[in-house]
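Heads up, the thing below is written out as structure tokens.
Chain IDs A, B, C, D and E follow the sequence of writing; residue 1 opens each chain.
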Amino acid sequence: MNLHILVLIPVLTALTTLFFKELKQVRMIAFLGSALQLLLSFALLAVFYAERAAGNVAPMLFYSSIPWFPSLGIAYTTGIDGIAMAMILLSAFVVLAGVLVSWKMEKLSREFFFLLMLLSAGAYGFFISLDLFVMFFFLEIAVIPKFLLIGVWGSGRKEYSAMKLALMLMGGSALVFLGLMGIYFNSADIHGLHTFNIIELSVRHIPYSAQMLFFPFAFIGFGIFGALFPFHTWVPDGHSSAPTAASMFLAGISMKLGGYGCLRVATYLMPEAAHTYSPIIILLAAIAIIYGAFATMMQTDLKYINAYSSVSHCGFVLLGIGMMNETAITGAVMQMISHGLMTALFFAAIGMIYERTHTRMLSQLGGLLKVMPFISSIFVIAGLCSLGLPGFSGFVAEMTVFMGSWQHVETGFRIATILSCASIVVTAVYILRAAGKSIMGPIVNEHHLHLNDATWNEKLAAIVLLFGIVTIGIAPFWLSNLIGPGVHGLMANIGRTILS
Amino acid sequence: MLNEFVILMKQELLLCIILFITLILKISENENNPKNWIGIINGLLLINFLAGFFLSTTGELFNGMFKVSELIIFEKNILNLGLLIVSLMAQPYLKNHKHLPEFYMLLLSTLIGMFFMISSGNLLMFYVGLELSTIPMAALANFNLNKANSSEAGMKMILSSAFSSALLLMGVSFIYGTTGTFNFTQITASLDNNALQVFAFVLLFTGFAFKLSVVPFHFWTADVYEGAPVPVAAYLSVVSKAAVAFVFVTVLYKVFGTMANLWYVLLFLTSVLTIGIGNIFAVRQENIKRFLAFSSIAQVGFILVGISSGTKAGEASMIYFLLIYLFSNLGAFAVVNVVSTMSGKENISDYKGFYKTNPALSWFLTIALFSLAGVPPTAGFFGKLFLLTSGASTGNYLLVGFAAINMIISMYYYLRIVKAIFMDENAMPIASIKTEILPRIAIIICIVGILATGFMGSVYNYIYLLSSGI
Amino acid sequence: MTSAAIAFYIISAFILVTGILTVFTKKLFRAAIWLLLSLIGIAALYFAMEVDFAAAVQIIVYVGGIVVLIIFSIFLTNNEGVNMPSALSKRKIFSALASVCGAGYTVMLVNQHIWMTPSAKVYDPAVKKIGYLLVSNSPSSYVLPFEVVSILLLAAMVGCIVIAIKAKPEEK
Amino acid sequence: MNLPMNLLLIPLLPLATFLLLGIFGRKYLSPVAGMIGTASLLASALLSLQAAYVYFIQHTGEVYTSVVAWKMTWLPFTQDVSIDIGFMLDPISVMMLVVVTVVSLMVHIYSLGYMKGDQRFATYYAFLSLFTFSMLGLVVSVNIFQIYMFWELVGVSSFLLIGYYFDKPSAVAASKKAFIVTRFADLGFLIGILILSYHAHTLDFPTLIHRLTSSDSTYLTSAIGSSFLGFSALTWGLVLVFMGGAGKSAMFPLHIWLPDAMEGPTPVSALIHAATMVVAGVFLVARLFPIYAISCPGALELVMWTGAISAMFAAIIACTQTDIKRVLAYSTMSQIGYMMFALGVAGYGGENGLGFTASMFHLFTHAFFKALLFLGAGAVIHMIHSNEMKDMGGLRKTMPVTHITFLIACLAIAGIPPFAGFFSKEEILSAAWNSNKAIYYIAIITAGITAFYMFRLYYTIFWSKEANQHSDNHDEHSHGEGTLTMKIPLLILSVGAIAAGFIPFGNFVSSDGHHLHLPFELSNAILPIIAALIGIIVATILYKKENDKSDKIAAAVNVLYTGAYHKFYIDEIYVFVTKKILFNLIGRPAAWIDKNIVDGTMNGIASLVIWKSNLIKSIQSGKVQDYALYFYIGVFGLAILAIYLVK
Amino acid sequence: MNGVPLTHMIIVSTLLFFIGAYGFLTRRNLIAMLMSVELMLNSVNINFIAFNKYLFPDNLDGLVYTIFIIAIAAAEAAVAIAIIINLFRNTRSIDAEYADKLKN
């Protein structure tokens, strides 16, 4: 299986949209492209399983490397393990749903879908690449379309938010870049040659002092993408100003780039430093979890609620990574997947509500369950997933993180774990508050009585995401088995280095 | 001998021939429509550009006063391409200008000067080339003859550059006084880094810094770009800067390689200042040309970071960056020129709502700006990152970190324009503009260059093989 | 002190004094005249150094060309008789400080420097030799810059004509 | 012992019903939703009875062992710790299967009439099915994490059902409260699980219990060895797990959600908040009972005192409430208190385990009579359209069936022989007598109060005011006593309330699986019967006829009365803690900090750049001589620096 | 010129250079500024010739350089004057202080 097709399809879809003008054509192209991508992802999953079943134990499957800038050691190196596979599936789900909820994007539809597809190409490329530079390239590709998506199609203080998001993510990538430089120039082999290749790097030993210097850059840099406290402020503004599909993408995929990078680059390649810094990471993650949850409780705008809750939820990802054991990291990856799907669903529901009622303020909403039962149900289900209800993916992921975190016996780590666990209560508070005010209760605005429920495309979008959420929630073992070996491979390296 | 002479100097000679053709056209002036001329000259420039790729030989003339290497040919080709693009994009500006042949004569003579400067192996040759590339530029800056701003720009440019050349010459005189030669190789051989030589070197350094608009020698830049006609500003910001940068690297690496520790410090200091000041000023600009001037100052700062490494990769990255920068900046200027000529509007606020009326131009400008900002998948990303990578290769993470952080600021101001174009509302947006064919070609070349160069690793490798470092 | 030395110091003093007057005189036209005298002084210095060719070029180009050009331009801009406004005193102070420091620093460097031992050969700036150096096609000649300068002069001429020629903007 | 695999259908049928009704019900199946739900639950109930038959009656051998009928690894955490999903039968789970399915079936049938014509009829049944599924999954759990999962699902179905009338703000608030309070308790449960699993390296019940009870196991040593704040890890773990149970079972001080939960439809209250879900906490402690009893008696003591205090506390409050469902809610809490302290006074094995058996017995009987009480109350509310006692009275004529069944239930709960409650309560008291006298007296007093408030309720509803006062007003839309489907469950349940006490419970359920002969000593039975009779008599005096005696008494013990009427201000304390402390002291500052400090810093950097930019703009003065001067300074600055460096 | 040390020669030229620099920095009239630049260039010329004569009499490089400087200075001056005249036409002023429309 050739992985390049994963990047190629979104790019070609994006380019194809440019040749059409009408919304109907453009959205159909985008839909077909992303549906094809989803099918391909499933096919890839099948092939992946087949390879593994056939006894292929290489850390990365479908490995290929095409020299790009040989003099700088840059090659277009691709390959996936279970973690990347899971992320690809996540992206495919979210993108398809994103296209579907944007079905009536009348304003500059061609540009909208073009940017959306470009964004998804960046995400896919990021997940499949095994070369730090290429990874960075794809990471940055995914920044600017967001700026335009938010600024042009957004709502509220969209320009401000778009600018803030772009600048903070840019700051993140600047830090990442420094981290990469540090890794690259400390990766000399016996011939003094440097490399960007992750697999190569994982067997080379970066000096401890260099790790200590550059780990913070790489980690914070990716952490900014992943809403690391206190660099999370782009999240609320960005998410809430973005158009629905972009919010879904931002929270569903984009923030995962950060988590994935923290794991794959910062922690994997600089394990000793990660080990040394882990108390700080865990502290920040625990703060993000609790603080994000409490901040969510005070929000009055549905999108802000979900955005702040994303801060809190993404804290679990960093917490899991910071704990640095197999279970916790598996949980972190699961949390990425779970949060990606769940938050996308949440944003989709909020978007549908906003599209109809033209408000997202809790005080102006109420009793929507009566007029739009489907959308309301989706909203509630997303909320329940968010608060970690069994049967949905959130539970599986959070529990794995907790279980892994608890393996750390030091009192400080335990306290952080307990605090993080406590967030499940606060989460319940804010989710129920939001649902209680907007979905339940009496109808606040008479005009809302005449609104329609979801259309077929919106339903399909919700069902696509719901499918993912529920599949993980009901049968988490397949995800765990998919991710597990990948995490095991990561941990083997980390463990080896720390012990030696 | 003659044969060798002709082949080695083919690029200069071709330009001279074109220069004389324009001169003849001027002299035999009849009331022909200048449009035909533009076509002819652009055709000639295209031939000139293409001819650069044939019959390439390397060698030296006049005791190393004139050197040609593959790298130099490549650099000249880059400049030729720049000239061609400037010429194409200048068409809307020139078609109503009375002094079209003169414009081309001045432009061509500056390019000839740059070529000689690049090929020079001798301080005299270098100086002559430098002045030849500067003095006509001042005249060009003043080419909006009836505009006070244009005259002011020309005045600032000629006086500043005269002052700068005086200092440069003092440096040259001290180098001569301490080494007794103008020949680069002989200078290198007889350097012993005594105080007077260092002083002379610094004076020489500032001469380059002036042309490259390195802070604090950059003050003329913004004023001249703002006052000068857009194509001239474009040419100044790209072609003349690139030429000086090429020579600068050669001089630093080849001639003053033994002073590497010294100029490393100077580059460190000036690059920090350049990036910082360039960015801080760019943030507040309202005039788009002036804005591009400050942004190009900041870009120069990045070049300095790359050069400071003194490695092969540093040189290669610098040339690669300049190639990309040529596409990006000329692309931006091409759009600005079309808008400025057709609507007379040059302020960033005028671009509000631009996308509604001119989607294609908006995208072109946006892509060019993104490339300047270093956003993938545009080539600017690669250019900038390779510069920083080479900068980091000497372990100078502090400088690279500063530069990387400054990319955020630069991102801000580029996005400010993108925001104006796409997001801001405007009751009176710039009317829909019909771009003529030549500027359109120019823009498309730039955009294709921006989008393609980064993906072609072979280009970088080619440059890398030619480069040499200290 | 030889007579040559005395001549040198006298000429030097002349050059410097006229130079100072050039930059301090209130009247622009007078400044131009002082410049003229200073340039002539430099030519005299060249004569004293037995570099006749340089002296000649100095007189012809500077005195005969540039200064005349400057004087013409002074007439053109109608400024010949008027007292020039004085610069801001802040600028004067800073400039003076900068100039004095710069001069002092440079002089110090020059003073400290130990010059190379000159070769024993006699300096012979014969016109023929100069001509040969400038226009022959021998490998060691300066014919290439010479030709390039010609392009520069051509370009400068073109530029001057375009810019300075009396435009007819009223046509439009 | 091999169990027929069709038993797996017991939880799966409700799940299928839920999915069917949840997805298609609203549009396509609305009219027949009730029938579908009831039918599937009927099947479930029959299967449960089969299971009970197979497990208990066909059983051969001395000891009831736990049987894992089916099990799979659901989510592996580490090599030896994983969440397993399975179906485990042991005495208590079989008993719970029967209770849950039977009560649920009754509620299903009852709701056919009660909820008839409701707009979201199908949704209602879907939620009921979801709840039943979750509860069944909970009781058959093989794994402590499986329990936790279904625990949460039970919580959410409770949430959905309490908030069923979602356009009523009070219902929404109550559902939120219920969910959040139990969630808070679940936090303890979760951490408890984490602690236990960390030391035991397993989550499976049999292994877990084995590892943490056998005295020579290294797991136990590790759990006892590590301590935090003076208590061993094991104590912490068990106490925290109990916290979860206390939350779900509405034990003091986590009980505040239960009275409010009565906002849900009354059948729901009967099912969830009386008979099944609220006893989950008891079930949980019973499930881990060996660990509590053998390895950590300290934690068990906490269980005991919590139960006792809750029982008494709730009984006192129940006397003053005027909303019939709230009275019943407090009575539920009180009865669960009984169950809890019964567990608390028990020991492991043999006669010591009397409390355990008694607790389970009471759970069993309580399910019947409490469901009956609620359904009866539902019938009353259905007719009167009000929950308030003052709107009722003299209904014994108009609602004869309800009246009689309600009376049976009241007698059962009051502990009058030969009704079910008498037997179970008697066992509990014996157990308490054997273990802790203080508890015993508390229990006796509580029994008296229970009898009092139940009969207060009974009289106020069915006697008190003159008959027919209300039916006049409601003639046109009076439902009478309700449909047949509403009466049948009442009758069936009243049979249970009468007969359940005669089941030889000790033969089936005991702490260690051995048969336990339940002692019945008349001497022990006398005191509680007397207490109950006193309560009934006082209630008769005060409430049989409408009079003002009760008010006078209330005025006499004003402080106590007001305190009890306001539920001893526990709610207010909670509101204070959450609103004032959590919201105002953490939430608001967090939001403020985020907006002003964290975000402000980011914005501040941006404005700093612009400010700087404006600050130094004058450098670019436009004057060429300034430029030259800077140039000049630059040159000499660099030169001096360079020469300095070279030297 | 026997007896005159090279250093003195260079000092004279240096002084002249900085006199010119001072003039360039302070003269408000653009033409006067141009004149100051000419002084600076001339001082450099003295340097070249002096070095050539004193230190490197074997060839005439310095002298040739001087000649080129003179030629280029002429061209520069011509263009400068043309521009200044054009500026004067456009603004009726050749005061350096007032030629600051382009700034910030």
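Quick note on the criterion: contacts are C-beta pairs under 8 Å (C-beta built on N, C-alpha and C of every residue); 3 or more make two chains touch, one makes a residue touch a chain.
Because the structure is a prediction, the values reported are computed rather than measured.
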item: Mutual neighbours - chains that touch subunit D and subunit E alike; value: B, C
item: Common touching chains of subunit C and subunit A; value: B, D
item: Comparison of B-C and B-E by number of C-beta pairs in contact, larger one; value: B-E
item: Most central chain, judged by mean C-alpha position against the global CA mean; value: A
item: Chain located farthest away, centre of subunit E as origin (C-alpha); value: D
item: Maximum centroid distance from subunit C, chain identifier (CA atoms); value: D
item: Chain centre separation (subunit C, subunit D; CA means) in Å; value: 102
item: Inter-centroid spacing, subunit B versus subunit A (mean Cα positions, whole Å); value: 42
item: Subunit B and subunit D, separation of their C-alpha mean positions in angstrom; value: 76
item: Approximate Å spacing (C-alpha centroids) for the pair subunit A, subunit E; value: 65
item: Shared-contact residues (touching 2 or more other chains) in subunit E; value: 10, 17, 20-21, 24-26, 33-34, 52, 55-56, 64, 68, 72, 75-76, 79, 82-84, 86, 89, 97, 99-104
item: Shared interface positions of subunit B, touching two or more other chains; value: 124, 128, 131, 135-136, 138-139, 142, 145-146, 154-156, 159, 163, 177, 180, 195, 199, 222-223, 284, 412
item: Multi-partner residues of subunit C (each touching 2 or more other chains); value: 87, 91, 94-95, 98, 102, 106, 109-110, 115-116, 142, 145, 149, 152, 155-156, 159-160, 163, 167
item: Every chain pair meeting the contact rule; value: A-B, A-D, B-C, B-D, B-E, C-D, C-E, D-E
item: Residues of subunit C that touch subunit B when the two form their complex; value: 106, 109-110, 112-116, 139-145, 148-149, 151-152, 154-156, 158-163, 167, 169
item: Parts of subunit C lying in touch with subunit D, wherever the complex brings them together; value: 87, 91, 94-95, 98, 101-102, 105, 109
item: Interface residues, subunit C side, partner subunit E - complex; value: 1-2, 4-5, 8-9, 12, 15-16, 19-20, 22-23, 28, 31-32, 35, 38-39, 42, 45-46, 48-51, 53-54, 57-58, 61-62, 65-66, 69-70, 72-74, 76-77, 79, 84-88, 91-92, 94-96, 98-100, 102-103, 106-107, 110-111, 115-116, 118-119, 121-125, 129-130, 133-134, 142, 145, 149, 152-153, 155-157, 159-160, 163-164, 167
item: List of subunit B residues in touch with subunit E within their complex; value: 123-124, 127-128, 131, 135-136, 138-139, 142, 145-149, 151-156, 158-159, 162-163, 165-166, 169-170, 172-174, 176-177, 180-182, 222-223, 226-227, 284, 290
item: Touch list for subunit D against partner subunit B, complex; value: 606, 609-610, 612-614, 616-617, 619-620, 622, 624, 626-628, 630-635, 638-639, 641-643, 645-647
